[in-house]
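Structures are listed in the sections that come next.
Same chain, two partners: subunit A is paired with subunit B first, then with subunit C.
This part shows the complex of A and B:
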C-alpha cells in the first residue's frame, strides 16, 4: 500500500492529512470495488439466460459466448485497476460494465428466442443478475473515486438509450409487461395514487399534530409513543386488523359504504399506510420544531410577531429541512407498504408480485418488484434533492 | 417614561417580583442589577408583556400597557437579548428590517434605514448587509442585534444581559460603542445585568433588586457613597468606588489648567481610565498628575478630584 501512485490517488481525493486516515478511506474504496468485481467475475461464467417454451414450463440455461465472458472478466477487474492508477477515470469501466450487462441481457434473450414458438420466454438467469449487481456496486464505488460529479450519472442516459431503442424488448419481464400493457400503467398509477394519498393524509394529520405537540412535553411523548407502537405492527397484521373495524363501520353507516369504505380494498389500505407514514412525519416534525433556536423564537416574540407570524416566518423555515427528511422517509416507506396493500385488493404494483407468487411466475413478480424498487429510489432521490435545495436557500449549508 | 406601580409576579406561592414601584426616566439608561433569581429579568419581561404581571401596573408614557395588544406594544419597544436571537435563515439586512416589515413600512425607506443603522453600530453596510448570522462573530452578531432593536426607532429599549455572552474584549468594545450610541440617541433604556462593572459603567441610574424587591434605586454615586442597606454595600463590594473609576476616563475628573502653578512632572493620557490614574498617583507617591492629550497638557488631576462624588454626566 506504499507505492507512490497509490499515495497520489489518496492525496488528490482526501483532505485528511494523516497517512493512516488516507490509506483507510482508500482501502474502503478498494473494498467496495472488490465487492463489485466478485459477483461480476462469477456472473460471467454462470448461465445468463433461461429459455422456456412457455412462462411456467421448465427450461434450459444458456451461457454467454466466450468472447463476452472474456470481455466481462476484463471489465470486472478494470475498475479496481483504475482506482489504483487513474482514480478519476474509474467511472468509465464501471459505467461500461453496467451498460454492457444490460445490452448483453437484451441481445442474448433476443438471440435465444430466434426460431422459438410464440409463448417461449427468455428470462435473466443468475449470471445476468450477478453481473448487473456487481456493475451497479462498481458504479457506486466509482463515485467515491473522484472525477467529475456528473460522471456518476453517466449510466443514466446510456440506460435510457438502451431501453428506448428496444434492446430489452425480448426480456421475459418486458414481454410480460407488453402483454399487460395499459393494465400495468394503471397499476403503477394506482400505486402512485396510494402513496400520494397516504402521504398527503399523513401530512394533513401529522403536521398540525407535530406543531401542537412540539410545545408540550407530555403530549409529545404520548403522540410519539402511539406512533411508535403503530410502527412495530407488521404491515400485513395492520391491514388485517383494520378489516374488522372498517367493515363494522361500513355496516353501521350506509353512507360510508356508499363512499367506498369497506373491510377490504382501498379504505383499509389507505388507513394503514397513513398510520405508517405518521411516525416519521410526526417524529421529525417534533424534533425539527424543538431544535429551532430558543433565542430566535424569544426575539421574534419580543419584537412583536404574532404566534402565526412566528410560526410561518421563523419556526417553520428553520424546521423545514429536518422535517422534510421525515417526509422523505415516510414516502420511501409507503412505496414498500403499498406493494403489500395489493393483498387486500387495493391494487398497485403489488398485484403483479402476488399474482406471480401464486402462479410461480418469476417474470410477473419482477414486473411488480423491479418498478417498485426503482420508484422508491426515485422518490428518495427527488426529495433528497429538494432538501438540499431548501437547506441551501434557508442558509444552512447541507 | 416607564412607571411600575405595585408590580408583582407570582409563580404558585412564591413571588418572583413583589410590590415593585419604579420610574425609569426618559432618555436615561437604567441598569436593573441584582444576583441571579432576584426577579430582574421577570421585571424586564413584564414591561413588554412577554410575562403577564399577576398584579400591579406598567405604564408607558402614562398609558396602562394592558390597554394595548401585546404585539402592538412590543413593536414599539426595542428588544435585545443575551442569545442575540438573530434569525439564521435571513441575512443581516432582513434581520434588521424585521420590525419595520412587521409595521408595513416602505421597503426602500427601510433599506436605507438598515444601512444607516449598520453604520451606527459600526458595521460596514456593504460588507455585512448580505451576510448570514452564521458568518458573524459574537460581537458582530450582537451589533446586528442592537441595530435590529433600533430599526423602527422605538423610544424605549429593553436589554436582557446584552453583552453577557461575549468575551471580555468584545464586551468592552461593545459597551463603549453602545455608550456612544446611547449618548447620541437618548433612548429610554432598561438593561438587565448581573455585572456590577457594567451597571456602574453604563447606567445613568441603577435599580438594585434582591429577592423580588427593590433594594435601592439611584445614580451609581448614590449606591456607592450612600448605600441604604448592608445588602447594597455587600453586593457592590469594598472596591465599588474603584470599579466606578475604572469605567471612566480620567479627563472627566481633571481640573482645568490655571496657568499660574507649574505642571506636575508625571503625566498621563486623557483617555486613561480614572482607576489607573489613581494607581499612578499611588505608585509615584505624588499628589497631582498632568493630563495630556496628544502630548499637550490639558489639565491636572489629584486625589481630591477623584474623591468627589464622581463624574458629572453629560
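This part shows the complex of A and C:
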C-alpha cells in the first residue's frame, strides 16, 4: 500500500525462459523449487485429517496411508529433478502434486467419515495445508522454468474438474457451506453490495473533487492531507467514531430513521467505507491529472480545443490508467473493511468470521475468511486486467 | 508521502492529545455529557489497554524488521531474480488478502488470545517493509555500486556502507506504513481476545453502549495518528 508503483517493477522483468528444453533451469529457479519441496516433504509426514464427532468437539488426527506418503515424497522431489535435467517439463510433476493434494484431501476426508455419525466433521490438518502451500509454490516455480506458456495454467482446468465433480464434498468447510447454502450466498451478495456501493459513492465524490483540486496547488495539498489522516485511523475505530453522530442524527430526525439511518447497521458501515475508499481515488486522481504532460495540453490548446474538450479528449484519457490503479486499490481495501463491518451489523462475509470466532468453530471462520480472501484477489486481478486493456486501447504500451 | 509541511506540528499535537485523554477521568468527562451512555469503569483502565496495544504493535514491528530486512537483502543479491519474484508475488498477495481474514485464519492454528494477533501483525506488517526494502535496494544506482567496487569494497562493505544507507529513506517509509497499519490491525485483534483498544469498541458494540465504543475509537485513532506523525520525523524533509 505504500508504494504501488514500485511493486510492479519486478513483475515486468520476467526472465527469458531458459534456452532449450533439455538444459537445466537457472540456479535461483531451482532454489524456489527447493523451497517448494520443503513444506511438501514435511506435509507428507504430518497428519492430514482432523476427525471430530461434531464441529466443536476435540478430535483425532489421521495420517496418510504409507503408499500415499511415498507418492507425495516422490512428487515433492520430482519438480527439483525435472528442473535440473528437463526444465521444460517441470510443470508436469508440479501440476500433478497440486491436483493430487486436492484429490487426497477430498478422498481422505471422505474415508474418515465412513461409519461416523451425522454430525462428524473431517477437516484439513497441518499436513494438507503444508502440502498445498508447497505444491502452489512448485507450480509458481515451474512457470519460470520455460516450457509452453499455457502449461503454467494447466492446474486450473484440473482443479475446476476436481471441484465440479464434488471431490471435496466431505471437507468440513464445504459441509458447513452446504448447510448454510442460500444464507451464505446472501451474505456474499451483501458483501459485494457494500463494496460496490461504497466504491460508487467514493467515485461520485472523489472524481469531481480530484478534477477540481488538481488545478489548485493549495487545495490539492489540503484535500490529500485530510484524506491521508482518515486513512491513518484504524478502520474499526472509524466505524466506532461514525456510530455516535449517525445515531444522534437518527434520534434528532425521525425521518432519517425511517430512511434507514441509524448508529448500527449499513449506514455507518457505508459512510466509513466511503471515507476509506476516498483516499486512493483522490490521491491517484490528483497525481494522474497533474502528471499529464503540459506539452500535450498546450498542443490541444493550439489546435483550438475548448477547456472541456481538452479535459475529455486529452487530460482524462492520459490520466485514466494511473487513476484506475487507485480505484483498484480502493476496491481491494474495501473488501477487507467490509469484512470488519459485519461487527456493526452490516452483514457480509465477515458475519461468518465473527460467528466462528464467537463459537470457536474453525470451519465457520474459514467459510468467511477464505471467500473474502479469494474475492479480494479476484477483484484485484479483474481490475488489473481492465487497466491493461485500457492502457492498450489508449495507445500505450501496457 | 504523508506528513508534509505540517509534520512537526502534528508530531506535537497528536501525542499531546493522546496523553491528555489517557489521564484517568478526562475521556469519560468528555464523552459522558454527549448523552450516548456511560463509559463506566471497565475491568482494565484505558491506559493499560493502550499500553497492551502499543506493546503488541512495537513487538510486531521489531520482529518484522528482524525478519523482513534480511529477507529483502537476501532476495536482492545478484542472480536471485526468481526468489525476488516469488517474494514480490507473496507480498502482493499479502497486500490483497484482507487483514481480518489473515487474523482469523491464524486462530485455528494458534487458538485465541494475543498469539494469533501477533502472528497476523507480523505477516501483515512484513508486506510494506519487504516491498519497500526490495524497491529501495533495487533503486540503488549501479554507478554508486560500481564506484564502491572500484574503491575495493567487499560485497559486505558495499551492502553496509552503500546500499543500506542509500535505501534507508524508502525502508523507513515502509516501517512507518507497517507500524501505522498494524495499529489498525491490532484493533481488530480484540475480536480474537488480544486485548488492546479494540476491546472497548467491541464490548461497546455488543452492549449497545456508544460511549464505550467512542472511548476506544478515539484512543485508537489518536494512537495511530501519533505514531504516524512521530515516525514521519525520521524521514528526510523534501
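As a convention for this text, the second predicted complex is superposed on the first by the 370 of 398 C-alpha atoms of A that agree within 3 Å, B and C clash if a C-alpha of one lies under 4 Å from a C-alpha of the other, contacts with A are read in each partner's own complex, and residues count from 1 in each chain.
To be clear about the criterion, a contact is a pair of C-beta atoms (placed from the backbone, for glycine too) under 8 Å apart; a residue touches a chain by one contact, two chains touch by 3 or more.
A quick note: this is a predicted structure, and the numbers were derived from the prediction, not measured.
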Fill in: Contacts of A:131 with subunit B and subunit C, given as first, second, both or neither
neither
Worksheet item: Which partner, once the models are overlaid, touches more of subunit A's residues, subunit C or subunit B?
Response: C
Item to complete: Scan A:274 for contacts with subunit B and subunit C and give back first, second, both or neither.
Response: neither
Discussion item. Looking at A:305, would you say it contacts subunit B, subunit C, both, or neither? Reply first, second, both or neither.
Written reply: first
Fill in: subunit B versus subunit C as contact partner of A:294, first or second or both or neither
first
Discussion item. Applying the document's definition of touch, where does A:31 land relative to subunit B and subunit C: first, second, both, or neither?
Written reply: second
Item to complete: Return first, second, both or neither, reflecting whether A:190 touches subunit B, subunit C, both chains, or no partner chain.
Response: neither
Worksheet item: Overlap of the subunit B and subunit C footprints on subunit A, residue-wise?
Response: none
Item to complete: Spell out the part of subunit A that touches subunit B in their complex, as residue ranges.
Response: 293-306, 309, 313-314, 317-318, 394-396
Practice prompt. Mind listing the subunit A positions that touch subunit C in their complex?
Written response: 1-3, 6-7, 9-11, 13-15, 26-29, 31-32, 35, 126, 137, 140-141, 144, 221, 225, 228-229, 232-241, 243-244, 247-248, 263-264, 332, 335-336, 339-340, 343-344, 350, 353-354, 356-357, 360, 362, 365-366, 368-370, 372-373, 376-377, 380
Worksheet entry | Residue numbers on subunit C that touch subunit A, as the complex places them | 1-2, 4-6, 34, 36, 79-86, 88-89, 91-93, 95-101, 104-105, 107-109, 112, 127-128, 131-132, 134-135, 138, 170, 173-174, 177, 180-181, 183-185, 187-188, 191-192, 197-198, 201-202, 204-205, 208, 210, 213-214, 216-218, 220-221, 224-225, 228
Fill in: Residue numbers on subunit B that touch subunit A, as the complex places them
48, 50, 70-76, 79, 81-91, 98-99, 102, 132, 134, 145, 148-149, 158
